[in-house]
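Written below as structure tokens is the structure these notes are about.
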Amino acid sequence: MILRIDKLQIELPMPKEADPDAAAVVQELLGGRFGEMSTLMNYTFQSFNFRGKKELKPFYDLIANIGAEEYGHVELVAATVNALLNGASRKEDPSQTPLAPGLKARNTHHFIVTGQGALVANSMNTPWQGDYVFNSGDLVLDLLHNFFLECGARLHKIRVYEMTSNPVAREMIGYLLVRGGVHATAYAKALEILTGVNVTKMLPIPKIENSRFPEARKYEEAGQHRKLYRFSLEDYRDIVRIWKGTHPQDGQPLEVVDGTPPGGPQLDLDEAPEASIPGFAPEELHEIAQRLLKEL
Amino acid sequence: MILRIDKLQIELPMPKEADPDAAAVVQELLGGRFGEMSTLMNYTFQSFNFRGKKELKPFYDLIANIGAEEYGHVELVAATVNALLNGASRKEDPSQTPLAPGLKARNTHHFIVTGQGALVANSMNTPWQGDYVFNSGDLVLDLLHNFFLECGARLHKIRVYEMTSNPVAREMIGYLLVRGGVHATAYAKALEILTGVNVTKMLPIPKIENSRFPEARKYEEAGQHRKLYRFSLEDYRDIVRIWKGTHPQDGQPLEVVDGTPPGGPQLDLDEAPEASIPGFAPEELHEIAQRLLKEL
Amino acid sequence: MILRIDKLQIELPMPKEADPDAAAVVQELLGGRFGEMSTLMNYTFQSFNFRGKKELKPFYDLIANIGAEEYGHVELVAATVNALLNGASRKEDPSQTPLAPGLKARNTHHFIVTGQGALVANSMNTPWQGDYVFNSGDLVLDLLHNFFLECGARLHKIRVYEMTSNPVAREMIGYLLVRGGVHATAYAKALEILTGVNVTKMLPIPKIENSRFPEARKYEEAGQHRKLYRFSLEDYRDIVRIWKGTHPQDGQPLEVVDGTPPGGPQLDLDEAPEASIPGFAPEELHEIAQRLLKEL
Amino acid sequence: MILRIDKLQIELPMPKEADPDAAAVVQELLGGRFGEMSTLMNYTFQSFNFRGKKELKPFYDLIANIGAEEYGHVELVAATVNALLNGASRKEDPSQTPLAPGLKARNTHHFIVTGQGALVANSMNTPWQGDYVFNSGDLVLDLLHNFFLECGARLHKIRVYEMTSNPVAREMIGYLLVRGGVHATAYAKALEILTGVNVTKMLPIPKIENSRFPEARKYEEAGQHRKLYRFSLEDYRDIVRIWKGTHPQDGQPLEVVDGTPPGGPQLDLDEAPEASIPGFAPEELHEIAQRLLKEL
Amino acid sequence: MILRIDKLQIELPMPKEADPDAAAVVQELLGGRFGEMSTLMNYTFQSFNFRGKKELKPFYDLIANIGAEEYGHVELVAATVNALLNGASRKEDPSQTPLAPGLKARNTHHFIVTGQGALVANSMNTPWQGDYVFNSGDLVLDLLHNFFLECGARLHKIRVYEMTSNPVAREMIGYLLVRGGVHATAYAKALEILTGVNVTKMLPIPKIENSRFPEARKYEEAGQHRKLYRFSLEDYRDIVRIWKGTHPQDGQPLEVVDGTPPGGPQLDLDEAPEASIPGFAPEELHEIAQRLLKEL
Amino acid sequence: MILRIDKLQIELPMPKEADPDAAAVVQELLGGRFGEMSTLMNYTFQSFNFRGKKELKPFYDLIANIGAEEYGHVELVAATVNALLNGASRKEDPSQTPLAPGLKARNTHHFIVTGQGALVANSMNTPWQGDYVFNSGDLVLDLLHNFFLECGARLHKIRVYEMTSNPVAREMIGYLLVRGGVHATAYAKALEILTGVNVTKMLPIPKIENSRFPEARKYEEAGQHRKLYRFSLEDYRDIVRIWKGTHPQDGQPLEVVDGTPPGGPQLDLDEAPEASIPGFAPEELHEIAQRLLKEL
């Protein structure tokens, strides 16, 4: 079970104007094979299906807990897509062409299928698919997969960063590079405990330090790369059996933090009445709001 | 963001023996177009993409909060699949045929691809896909979709119930029929507020009362069909603007309950060393456990 | 069985020049999940699979008959795509670059895979798929689905309208908005008869009147929104049991019309010899025509 | 546009008992790559997209007209699937296991997703897809495709025939083998006219005569293999420019028949109230029927 | 089994600058339904699955041997895609936007998912799929398929040629038009031997001679259209039983050539360190190279 | 380019009788995400797309060369599927039910779509897809992927071994376990050279030694696990820069062998005339054979 907290993991800036092509490209980080839907669902299902929980509880806790964090990453990328699509349609009468910008945009489904919001799809509009989840039941193999998945996800994040200088995209990517680094390191450490192989030494993959990206650097300077949040009130306490010792790159002590990061507010997204989003005239909206208040 | 609670929404019985074909069929309720992955992801993404949150906050709260409950439903169906696969392989040496039961089982991927665990796929092994998410941005249309989705999901649950008498499957379905009924009613009420049409009167669809099924009846007798849990510590309080008044079928008062249901323990799933699940000999498992404890 | 009539449901204007990106976007209304292939195939298969025809014949007749009309809608959207692609290639020798316009067009398959004609795919080139057909066998649920499908289709039509001012696209959409409105109303009325719930009151979804669009308004002014054509010589007469009374929006009497609308001619589409469409030099074409005439 | 005729192309026998595995296998002939959905949609879209209609009208007429016949073939295979699923569920209370037969059946979706009816999918439940349509715009290539498609479809029909001796399946296949033979021959003749190559001489592919199958032989003895029906009241008259001369195998004169074959009645399919098909208790069904009659 | 030869089938020119949209379009010839992956895999699997090898050995040899040539065609198209993507990213620091060209490019996956290299996908990024392989086991039908496949592939090649004048694309297409012509002719001759029908007379399909394209003409002038290479040291000698006599278009004698064409060098593709391709700084690259040499 | 050698990598026994369910399951090792099509295509495309070949030639050579070996692995698994399907149909007249065994078999497509031969699909008939190819361009990441892919492939092989005791399946798996072990070790060594991390120490994954399986043990006893074959006449010589030193498990010296393994004969697969495989009566077969000989 989960409890939701109606906040984003960080404070996200709203762009000044819509940037639909950047929105389309950022979708790769949401619904691509190496996007956040994949990290969320891989770790979540690996935790659901875990056998041998008693002896291997710290590994169960680690996977389950990182899965919980990934929910917020999906949320953050979705918020970014929404921000990039904010104001994407023109303020025109429906009988004019308020959605003309969609005709030339990379992804028409942002304009036709969603209400200028995030799709569960990648940058070429291929939907995310359940068979992106790898869960063999062999713990070493599953952890090796997770380590590889985090490294692949990191490469994709860097490349999307290199495609757009839009500040909202870069803020999100900067943060996720650091958090993804924590996860890659955590899985590497888990593998080290199980196999004795010094996997952390491989990192970072690709061999470009997070500090090269200003938006990531600031989160590292705040020590985010050494913190593993425990996304639970009561559970997953045994992650301390794995997330311990020092960071393989900077040698500073690793830390488990109880609870979520402080986070930032959900975005306040504009309505787009010309495209029936959310589908009420201002007077109707007001009236419904009044009705809801009164009727209790 | 979310906090995970390491419990199932109900107490689930473990079957005495493996039932791989039932496991295969139950997958429809997890990864089918009308399975719990669909309800989870539809409502979650509708909440991520919601525009016009200020005036329509109760609707946002409702969708976001039901989305939170659905996470636990995915978890519950996954636990059922795992329970049905518990002991599915024979305790034989790998050089014998410990996985022979898989040769005739409906879904070979339960034996080859997963560690005798849940797939993110339906009863014919088609993976769940991101384009099962409907999110037009038009609130009435999205709620109409959700109402339809819940009714379709209910039909599938009933039909899977009618296919297997396995107690773990029926316990799960009984509970979810009641909870799905709450969601269908909630969306119907939301539509009523927005359109003035008495949608709740259509229920139940299909026209078979939950009380026909003993495993559902007991949850209704406990009043579960009138409770909407608020899966959040601080947020989504405005669901009371919609979940109010009386239940359309029994006329009893509706109730918002803060927090999750009490729930039951996660299942204790057997290891299957013959298939490398989780991939350690008993002595290795013990040794790793010791090492984890010592190393802190 | 069917009899084909070699006419379009309306007279469609030919655009002055090719508009490949509009053609690509219009594909959503043909092969998208809410496109005309979906309405055609949903109702057609629901009629093929209908059980309980004796007692429920009017509902069978309604679904079967609307399915027949949808065939003409697929045809109309396909004609629109063809019209928008007419003249899309340059009149150049094959050794030059007559298909250069395709290099930058949204959908390369219009230029490589088809002969500058309609694809059975959506606006992002995802092929239409048989699992877009919903047919549970539960009549209320199937009708609820159909009602939802028509509303979703309507939203997509409006949004494509808002993306392009091309007259051929808008003429087609104007007409289909009105006809789709008839279908939504018919399914709503069927649901009212079965459940007693006043579903028609929800319409239109989205809440933008057809009359806002000049190309739809003219068809409403001609009373098209009140007519249900009976696409059969002898059958489906019981649709009058459902399509009766007055129109929920304008209060005027509903009418069943025997036979098809008068319709307009099939388009006369240009050949594109530079791309081997249809693949004969003018002299060969003439010769073949002569041979066909002579050989009888 | 089309007019529907509420009859099947032949009289189809109802099997004495359900045969769900045969139903599953017959799906290949409906929604497989070489199934009737493919022949229907290939020829239909080729006719929609035809360029150069003036000089090549007989070819347009031929493709369009065969497309019209294929609609009835889809209908016939769907009826066969329905017949094979008739009575597939047990007459038990929903709280028992009326759908237990589905647990071991090849295709669970016949029991969960449809109301024991036809899916738009193949024998392994892969949905039919729009990219099974081939339409290059080059007429010779399109006709070569159609010729190949008919031969492939013929092989699949023979192999499904060889898998099941169920009379309803064999009656349908016997008829379609003969009709498919007409189409293969027609496309071969069209190719001969265009290229001068004696394509009809290749037939039959595979090299097993229809007369080997009793259910096909009787239709050949009735001369069905020499008749091309003209599925239109007014149009497609120029098919006589191609369907003329003698049959390549038996040397008897070919014949164009105006209108459809006489056909047989639609099947009367049983309700399955235990699975909510169509979802009304007998008393409700009667009441609704009365209401519909009275309300006019 | 195979032996690889590290050469391309021809000498391929490197373009002066990147042309990502041409690269995207050329993908159709690699991973499209009619691309080289399809020809490779169709013939390869037909040879793997061949039954009746003893009596039909020349046909087995023909299919197996052409399958071997197709490997080199996939390689050649992949090299072309790589050439067209060479230099596609800007030489900027990762914190700038070196991949900005990808934001507007047809296919984002060339920039995010691959290292600016070929995808196993078509021009709309749909992945190549195993069900593009047709292999019925009926030899005439399989050969008819192969003949059709070659003609469809030829049309696609011509249309891609007509979309771009990029010399590297045209050199590759010119060569493959000629080689594809050999394969179409070979399959036509095989069909002639088996059926007595003069299939070669249909060629070329589409009816545009290779000699219309300068890049193809030069290969024909070198007699390439009359040569069938035997891609084996010891095997497939019986292709001479089919590839014999004279060329159906120019009447010159056909020839079997033992071994591969002389070919040209593999391309020397630039690194793209800004996108971590291959992921080492120049100094690291040098160091690794040294280490590899020393360590033996 | 390649040269084909018409032999299998090992001598494969023919089973005494058909075993269609084993054939269906073995498909996972051919067309599954971790099947041999994936290893073949991953390494082949990684070699096609390799940038930085000059400094990193040994890595290029390694990947290209292992890709060449994988072709033979696909061939070997395909041969196994064919062997398991040999004699799968009954020797009956087509008008009887010679394909009745297919009605209950796992995969109907072995009986309808192929000529009782291998599909390019997995054990649930999902086609292999081009997006199973991972090729980021970052060499460390690509090698990490390859290492993970080999380990996943190994797990699937072991599990299929555990599902069936059919000797042909086990012979093939035994051999491929050993060869896959070579590849996993080779990629591990490549990673060690590039990163300094002792990756080979992780092996084997899963932690079940090949020697546990008699069919694998015999190949290890013959030293196959220490040999890397060089599948080229002239190229890929620099694999010795990586495949050197001693085997991480047994400490014996590693060896590069020029050329392929000696291999065994292609299987002699039975015809199945009842299903038109290959589609000629014995007298026709003989006649064609004679004609081919004479006509030269």
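Order of writing sets the chain letters: A, B, C, D, E and F. Residues in each chain are counted from 1.
Going forward, a contact is a pair of C-beta atoms (placed from the backbone, for glycine too) under 8 Å apart; a residue touches a chain by one contact, two chains touch by 3 or more.
Every value quoted in this text rests on a predicted model; they were computed, and no experiment measured them.
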Subunit D and subunit A - chains in contact with each: B, C, E, F
Selected from C-D, B-D or D-F, interface repeating A-B by over half of its contact pairs: C-D
Higher-contact pair (C-beta pairs counted), B-C versus C-D: C-D
Turning angle required so that subunit D lies on subunit F, C-alpha fit (0 to 180°, nearest 5): 120
Between subunit B and subunit F, centroid-to-centroid distance (C-alpha), Å: 39
Cα-centroid distance, subunit A relative to subunit F, in whole angstrom: 38
Subunit A, residues touching no fewer than two other chains: 113, 126, 131, 136, 138, 140-141, 155, 206-207, 275-276, 279-280
Chain contact topology (line, ring, star, complete or other): other
Touching pairs - complete list by chain label: A-B, A-C, A-E, A-F, B-C, B-D, B-F, C-D, C-E, D-E, D-F, E-F
Touch list for subunit D against partner subunit F, complex: 21-22, 24-25, 28, 32, 106, 123-124, 126, 155-156, 158-165, 206-208, 212-214
Touch list for subunit A against partner subunit C, complex: 89, 93-100, 102-104, 107-109, 111-113, 125, 274-276, 279-281, 284
Footprint of subunit D on subunit E - complex, ascending: 33, 126, 131, 134, 136, 138, 140-141, 144-145, 147-148, 151-152, 155, 191, 195-199, 201-202, 205-207
Sites on subunit B touched by subunit A in the complex: 1-9, 31, 37, 41, 45, 48-56, 58, 64-65, 67-68, 71-72, 74-75, 78-79, 82, 113-121, 127-133, 135-141, 193-194, 231-236, 238, 240-242, 244, 259-260, 263, 266, 268-272, 275-280, 285-286, 288-289, 291-293, 295-296
